[in-house]
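Here's a structure for you.
Letters A, B, C and D mark the chains as written, and numbering starts fresh at 1 in each.
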Amino acid sequence: MTLRIGIIGVGTMGSDHAKRLSTRINGATLAGVCDLIPERAQKMADLYGAKVYATGKDLIDSPDIDAVVVATLPHETHEQFVLEAIKQKKYVLSEKPLTTSAAGCRRVVDAEIAGGKRLVQVGFMRRFDQGYQEIKQAIQNKTYGEPLLIHCAHRNEDTPLNYNSDMAIVETAIHEVDVLHWLLGEDYDSVFCFLPKKQTRYTHKGLHDPQIIEMDTKSGVHIDLEVFVCNHMGYDINCRVVCEEGEIALHTPQNTIVKVAESERESIPNDFTVRFKEAYDREMQAFVDGINADQLTGPTSWDGLIACVTCDALFASRDEGGVRKKIELPETPSFFQEQ
Amino acid sequence: MTLRIGIIGVGTMGSDHAKRLSTRINGATLAGVCDLIPERAQKMADLYGAKVYATGKDLIDSPDIDAVVVATLPHETHEQFVLEAIKQKKYVLSEKPLTTSAAGCRRVVDAEIAGGKRLVQVGFMRRFDQGYQEIKQAIQNKTYGEPLLIHCAHRNEDTPLNYNSDMAIVETAIHEVDVLHWLLGEDYDSVFCFLPKKQTRYTHKGLHDPQIIEMDTKSGVHIDLEVFVCNHMGYDINCRVVCEEGEIALHTPQNTIVKVAESERESIPNDFTVRFKEAYDREMQAFVDGINADQLTGPTSWDGLIACVTCDALFASRDEGGVRKKIELPETPSFFQEQ
Amino acid sequence: MTLRIGIIGVGTMGSDHAKRLSTRINGATLAGVCDLIPERAQKMADLYGAKVYATGKDLIDSPDIDAVVVATLPHETHEQFVLEAIKQKKYVLSEKPLTTSAAGCRRVVDAEIAGGKRLVQVGFMRRFDQGYQEIKQAIQNKTYGEPLLIHCAHRNEDTPLNYNSDMAIVETAIHEVDVLHWLLGEDYDSVFCFLPKKQTRYTHKGLHDPQIIEMDTKSGVHIDLEVFVCNHMGYDINCRVVCEEGEIALHTPQNTIVKVAESERESIPNDFTVRFKEAYDREMQAFVDGINADQLTGPTSWDGLIACVTCDALFASRDEGGVRKKIELPETPSFFQEQ
Amino acid sequence: MTLRIGIIGVGTMGSDHAKRLSTRINGATLAGVCDLIPERAQKMADLYGAKVYATGKDLIDSPDIDAVVVATLPHETHEQFVLEAIKQKKYVLSEKPLTTSAAGCRRVVDAEIAGGKRLVQVGFMRRFDQGYQEIKQAIQNKTYGEPLLIHCAHRNEDTPLNYNSDMAIVETAIHEVDVLHWLLGEDYDSVFCFLPKKQTRYTHKGLHDPQIIEMDTKSGVHIDLEVFVCNHMGYDINCRVVCEEGEIALHTPQNTIVKVAESERESIPNDFTVRFKEAYDREMQAFVDGINADQLTGPTSWDGLIACVTCDALFASRDEGGVRKKIELPETPSFFQEQ
């Protein structure tokens, strides 16, 4: 049985998912699309043989659609489609962030629990990157002893002029917010956000760049994270986990190495679609496989909530000039614990 | 339309292909299997919901099978199944080597030409490795000028006792024999095989290890290849292409890098299924996509023939004590030139 | 003219300097030694043909000694010998820290200024490491734009049981305290020291390990420094300077690279004498060359003072539970500005 | 006692040695210089406080000169000065090659033996490189089992127009000819030189570039060496020793590593004085220390002879179109065996 998937929103992310589903994923097919810009939807439909729906609700409600991918902009719009999918008891993969407020995440979480079945996977696709998975394995196996510190950097080559300091947290750093507590298998205790006085000349009004984030977990692992989104050297994702007997770090994937012009060079990709192409594929395959096994395994709506609560605390820390803020998380509902 | 594929021979390679088709490939499904050991076939059939056929011929001839994968042992048996598939006008992916003799390859080539349609893809899956593809791109674009030299090593961690010096050429070095002339886009002019006096103490009777192979192309690119199959350090594949203005070399894929015990370590895989997992996936996806587009793009039966003729020349060189041997290749039939 | 140098204190550091002077330094010779343990002094004297002096004062005052190296323990004892050398108008290289208190450093600074001539070089030998020098050059030339952030780690493999949390700052982190403001060519504005809750199981009573230090400079460059002195993986010194258009980082010196046991390995040294052997040689050669040119160029007693003031601020920050502390430095005397 | 050294020939190499002796070497001083171009000699004398001698013979015969460095061009002129030094019973360091003919080397060897004392050190300074020394240590200790193969490349960025194919062997590859048999501690059995048809467009008339050299030792270790002297990427020296259980290879020394322009870069030096600066220093220090201990330990005149005999065999192989040539070496005189 081939799973029929519909995508709501076929901008950059949505059309990437459309291609992925149609050419690289096993066991599923692109069955429907919709978009506020009808031509964009029509183009995807023509390219991959899918049907165009007039609205997201029409797509979700259609008997010809088994599961839904939500990739709309702005992120606030995710919530309504995810709630509709839950109502229709259809599996749904929502791009991250799940929504942009803790309250919105809470509504999704509550609806999902009320429905009695895990239906939502949130697009924290770093968890599907082989590098992070190897690190998580080493931590779980205590291969190098207990983890003590994590040093991270999230570096984008450049950003558009409408990208601001808040987005550097809630759209960019949110990846580390999610993946690091998942790596460690524990919750954050407190966080801290600090704006160093010296900024890059490549930044623009409204964007403080770089920013420094620190997070401490309940067990006392200390994390620092450089967020540097106009770094002008490449899309460079660093994660070094310092353990009692060794350090395990991400290696940027390389297929070749070049000697030229008096240097030997490994490459740094220029954007996230290159760096995490395989992670996105594996995220979608996991969604499809999870549906076929009737048991999702990826990031939950609760993970979406944790991320939003943590980002809110980072904003508060930053706005108070770099004060350590406790994270106040409600207890994890048992509904999400078996995961 | 989902392509229905049957696999003949579900030993190591065949069962790997069965899993690949059933869980990671888009647009195809495992529809049938057969094996000399019926339990082995039944196991795959149960696992992936496929039908068991009594013989390879039954499978090929079945109207429920659209295309065939031949993964039988010994390699001599490939020929009959490939010929039967050609007769039935079905696409067929044959594991490498296509057969073990130039004469056998010739029969396949002739049958395919007589049928008037490219139906055969040979399993030289290195061509689908992203590293080799990046190298080929750099050569084609003359990014670093003209290629002049290629230094290679093909290193296996260990081999079984029935593995012998001939197999080091026709089963192991054959990967480089194929991929290097493809990288360069030209044919070999002469080859050379030399057995260094000093061997590893980990070798066994019948196996001279390591061996040295040299190949020169028509344009004069000089290639050296270390074949070292009991190297005891890992499955380590090296390919460094020296050009006029730079060198481009394979980088063994790494997701993480570790500091431990007074060293910083990148990993070397322990076997080819780890090193080339993605290349095998992409080979199969290309086969499926090629069929769906009704135009195969992968290695042809003519490539299978070139490899066998080259291996024969390497045997002759070695047996005459390291004499340079001209490669005598018939002209490429126009049938294979559009590729 | 060969410079006649005397060493006061020939324990680990002093005997290392004795060997260095006698076998690797140009233009100087080991002329005298003294030590609280007479046998230790005699051994060095016999080995390298030097004279034994009964006291440090005797050595300094001797007409047969042109310049002095102070390598005594505990570090508090440096002050008296440095002051005596200044009194005798002899050049003196003091091991770091110059003394253990800002007040002591101030006395040395004042005596040197009163004498009217730069005579003191402090043993901050990181400044002579080729890696740090290349980084400083890149910063000065703005090769990658302005520096914005520095990420550092100072990792020792292990420490003796009498090594405590204070020493991790005043004996270990003090190297970074000195070298980083020298790299940037500016003073610190504020510092911060934080003890993460989770510690390594290899630590001992009295030692909080690892510790986190942060320093911000006047221009606003933000620095973080992991101090981890029982890391059990090696003596691993990291310094990554993030600039507007690139990152320049230390590469641990390597002469060979090894493939073994399914990994490719660069080495991490096991201690500082291996990592910084050449830096110590170059430090001593610079001291000798500076004397011969009658103009010292290495770290000054003022640099010694800055380091102590900064360490005091780090202690205060730590003891108040991780509060950002302003650095209150008097203005640099003009005496030290021509340097 | 400071050794008084005189240098004959202060062109590129000689003036480099003059600076080295005057600023970085312990226990020796530059006492005299001479050169066919008197101004050149005067400049060095003025710079370092040495005396100018009218002729090499005058310098050698002077009672004010304890030992001699011969750095004259053309290399044929080394012989007369080395013979004169032997006659005067003075230690002499001759730049490589000792002379350009086996017969000339033989005359030096015979004179030295007749004099009854080892006085000659030949400037094969690769033996003093820390990388090669680590490799030799690993081979001697059988850290990775027995050595089986060595893959080398000797790559110069560019060469002047008067540099020809012969010089690529006798001035360039001669470094590997010397250092590789020293690494292995055994003599060559046969050699081979081959000119690949395809050459770089950066070569010039009279220079076949690149060239391929192969050497097999008596025990059967097989060596291949790429000599590529207009490679346009940097001065890149490779040496990978493949052993039974691992590979140990040179790592080009790096003090820093840079991320810039979508790549992470280690540097390749642009010339040999950068790459081997420390090896030259250590070579000279070993010469000085050897004299002071009255026992030279560096490369002997016999090593100079072996190198010339091997180069002659490489010429013969090449001129006969790539034929394997046996190396016919007389037995090592006992005079050179204690080394």
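For the reader, a short list of remarks on this structure follows.
As a convention for this text, a residue touches a chain if its C-beta (ideal position, glycine included) is under 8 Å from a C-beta of that chain, and two chains touch if they have at least 3 such contacts.
All values derive from a computational prediction rather than experimental measurement.
Between B-C and C-D, more C-beta contact pairs join the chains of C-D. Most remote from chain C, judged by the distance between CA-atom centroids, is B. Centres computed as Cα averages put chain B at a distance of 57 Å from chain C. Distance between chain centres (mean CA atoms), chain A to chain C: 44 Å.
Centre-to-centre spacing of chain C and chain D amounts to 38 Å, using the average Cα coordinate of each chain. Counting only residues that touch two or more partner chains, chain C has 233, 245-247, 259-261, 266. A complete topology is adopted by the chain contact network, contact being made between every pair of chains.
By the touch criterion stated above, chain C contacts chain A in their complex at residues 145-149, 151, 153, 194, 196-202, 210, 212, 216-217, 219-222, 224, 226, 228, 231-233, 242, 244-247, 322, 324.
On chain B, the positions that touch chain C within their shared complex are 157, 233-234, 236, 252, 259-270.
Partner chain B is touched in their complex by these residues of chain A: 2, 22-27, 129-131, 133-135, 138, 144, 245-251, 253-261, 266, 278, 285, 289.
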